[in-house]
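The block underneath contains the structure these notes are about, expressed in structure tokens.
As written, the chains take the letters A, B, C and D, and residue 1 is the first residue of each chain.
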Amino acid sequence: MADSAFSPLDRNGMAERAARDIPEGWMVNLGIGIPTHIADFVPIDREVIFHAENGVIGVGPAPSPDQVNRFLINASTTHVTLRTGGSFVHHADSFAIARGGHLDLCVLGAFEVAENGDIANWARSADEPVKQVGGAMDLAIGAKRLWVVMEHTTKDGEPRLRRRCTYPLTAKSVVKRIYTNLAVIDVTPCGFVVLDMIPGLTLEALQTRTEAKLFMEAPR
Amino acid sequence: MADSAFSPLDRNGMAERAARDIPEGWMVNLGIGIPTHIADFVPIDREVIFHAENGVIGVGPAPSPDQVNRFLINASTTHVTLRTGGSFVHHADSFAIARGGHLDLCVLGAFEVAENGDIANWARSADEPVKQVGGAMDLAIGAKRLWVVMEHTTKDGEPRLRRRCTYPLTAKSVVKRIYTNLAVIDVTPCGFVVLDMIPGLTLEALQTRTEAKLFMEAPR
Amino acid sequence: MIDKFVHSMTDAMAGIADGSTVLLGGFGDVGIPTPLLNGLIDQGARDLTIVVVAGGRDGSAIERLLSLGRVRRMVCSFVRPASLAGRLLQRGELEVEIVPQGTMAERMRAAGAGITGFYTPTGADTLLADGRETREIGGRLCLLEYPLPGDVALIEAWCADRWGNLTYRDSARNFNPVMAMAANLTIAVTRNVVALGEITPETVVTPGIFVNRVLHVPA
Amino acid sequence: MIDKFVHSMTDAMAGIADGSTVLLGGFGDVGIPTPLLNGLIDQGARDLTIVVVAGGRDGSAIERLLSLGRVRRMVCSFVRPASLAGRLLQRGELEVEIVPQGTMAERMRAAGAGITGFYTPTGADTLLADGRETREIGGRLCLLEYPLPGDVALIEAWCADRWGNLTYRDSARNFNPVMAMAANLTIAVTRNVVALGEITPETVVTPGIFVNRVLHVPA
């Protein structure tokens, strides 16, 4: 891959790109990792209600060090603030929100996403003795829309956008959109449709980094 | 039935008799009808927490006419007060309390009780077009103890304490004790065991008014 | 800025379609969203399924909705034979599904919570179980119940803010918070309007995420 | 007079038997009933099953309970491989049941609510469903889940009164109210004690009926 006339987005760049697409009024859950940082790029006057599965509705920005409330954390166990209008619910009610279709959007990290919308984000092998499920399975099946933010390939250059996932699934046929460090890709009944690429990247170059077939709508 | 050397209890008498057996600290749901009046005979300094299935925990005495709060009713839709320490929950949580075994006692009215603990209290025939279930089925299967308060016989003198219920069941094998206008009767694995009778009534006279076999523990 | 307040009954009722399932809050005379029921009567939607604890008292807005022939089916926990609903039922002019009150609440809670079915001992040994799927769990016969979602919920609140956070007064809470989470379109009438933040985070009963529209009708 | 306050850790821990299932509140460092966990360690019950969101951080009371070999089985939503729980699991010295976090909360809620089983799409298409009963409902594959009751729940509250009515502070609410309703014996540690009635009826989060004992340990 000799093409290098482009600079992949860094973690903040990916978070910022995803943040751009979240409209005011949505109720949104952000998963651990890059997704959590999306909130930093939603301007405070664009009212997006962030839900944390530990029972916080209306998560606000990180507190300044002298304003930390040690009773107030998000699902990544990071100290947060609460927006005016926010509220607290218990865990069963919080997952009722997640599972019950009340989240307009959930954004998760992933190891792999398949062209049929399957997501794998919790275990690298079925034989792994130590499992880390957390709340991802509940969120993945429950939100109205599931987006994934992840690097386009592994550190070793292996594709993460797959024909079929090779890692154990978190949920089937749920991912609607993927934000990578290279592109924004919709998951449609026809497969992966590229919406946006970073400057300087060609569709051919993106395809070489992607296992499944990519499509692009004809420009109008 | 020529015996008449006894006076059956009236509704208040039955309620008062049942109230005597409710100890401090119990959480109790009282059904519509005579059971509701049991609360009137529990002294206010004996702290019994009355639950109403419309979401009231800690139902207090009836308000004086000038103190009616029109937002505060019990399950009979009668205006009540709330005891200090009381609280409100929504209907799903209220029935979680009822179904989940958190009531020490529920007292219901009934048409019939069988010697195996079956209760029939919601319909006089399976063909009745208009059905009145309410919350009785949830309460009957959920409370730690179910007591029934009812007249010993129908107005026509038909027995209500049956070998098997003739009316459609509310729940099976749940009644633990029956307070009638004539006696207090435990429902045990061996059948009906008389605990107490009104003065002047003989066991023979009580048996003539009861379809199922009555037992009495030998006096010590 | 999120603002769930609507400023007319027309806006509150917009889009309620014929054939909708409408969840109606309240128990006894308490917590009933009467202004919204009157709004629904004026709005005109018909062939409705209503879900409500009981068949409606004489002179109530529910009775009026029934009397206008707008309800095809009623899901409730009891009907008095002498009521209008009872008479319509006996004349075959109203379908009625009788559900134990706790099961009714739990089926709506399941709809709101993404639970696709549940087992309960309630009613399992009764004729309400006739012809239905049961299962013995832990030695008890249990009945399989399915969620009861609404297209619309009409509920009554005591206080509301512009995010749709709600509180309820005393026993007016009853079915209202459960129905709020169980419907696609939840419309609340509130007696009081407060600024965002005035309902403290620990005391919000229904978070605004469950509420689509709020109409202020002072007490 | 109902008075659920106990005045010593010995009284708080009385009767917790070997082999008990103990529900442990908290998420992250928040809402963990650490004084009660230390009390449980001193009390001596062993062969425990603990139900807790995660395997316990280094230096936590949960880690200490594990390190003392008092836990036979842990039900949780994740375990870090590098944690003590992760090492015990890999050495075969700890049984672990991994449950999706929402399913874990819902299974305890079911235990408290008398729901004897429920279906959820969560995990139905994953290897967590291997060998288990599934059912297609409304076109979605769902997994049958059973209640998760506790013999004991140890929870942390912010305010408590003598009836055992509780409130929680901020996100310290988390699993605590759910566990309170799911256990036979619910023991709360509270930071603050208030007179009966000071927690207003609309703002009680856990009604005292779910609480058996309260121990006051000031912050």
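Convention: a contact is a pair of C-beta atoms (placed from the backbone, for glycine too) under 8 Å apart; a residue touches a chain by one contact, two chains touch by 3 or more.
The structure presented is a predicted model; accordingly, all values stated were derived computationally and were not measured.
Looking at the partners of chain B and chain D together, the chains they share are C.
With contact taken as defined at the outset, chain C and chain D are each touched by A, B. On a Cα centroid basis, the chain most remote from chain B in this structure is A. Chain centres here are Cα means. That of chain A falls 29 Å from that of chain D. Measuring from the averaged C-alpha position of chain A to that of chain B gives a distance of 55 Å. Computed centre separation for the pair chain A/chain C is 35 angstrom, with centres defined by C-alpha atoms.
Among all residues of chain B, those that touch two or more other chains are 82, 88-89, 92, 95-96, 98-99, 141-142. Across the assembly, chain C contributes residues 106, 109, 113-115, 120-121, 168-170, 201-202, 205 that each touch 2 or more other chains.
The touch graph of these protein chains has some other shape, matching none of line, ring, star or complete.
Every pair of chains meeting the contact definition is listed here: A-C, A-D, B-C, B-D, C-D.
Touching chain C in their complex are the following residues of chain D: 106, 110, 113-121, 135, 137-138, 140, 142, 146, 167-170, 201-203, 205.
By the touch rule above, chain D contacts chain A in their complex via residues 27-31, 77-81, 86, 89-90, 96, 98-103, 105-106, 108-109, 120-128, 168-178, 205. Only residues 52-56, 69-73, 77, 82, 88-92, 94-96, 98-99, 123, 126, 129-139, 141-142, 168-172 of chain A touch chain D when the two sit together in their complex.
The residues of chain A lying in touch with chain C in their complex are 24-25, 27, 45, 47, 49, 51, 57-58, 82, 84-89, 95-102, 141-142.
Across the complex, chain D meets chain B through its residues 1-2, 109, 111-115, 161-163, 165, 181, 196-197, 199, 201-202, 204, 207-210.
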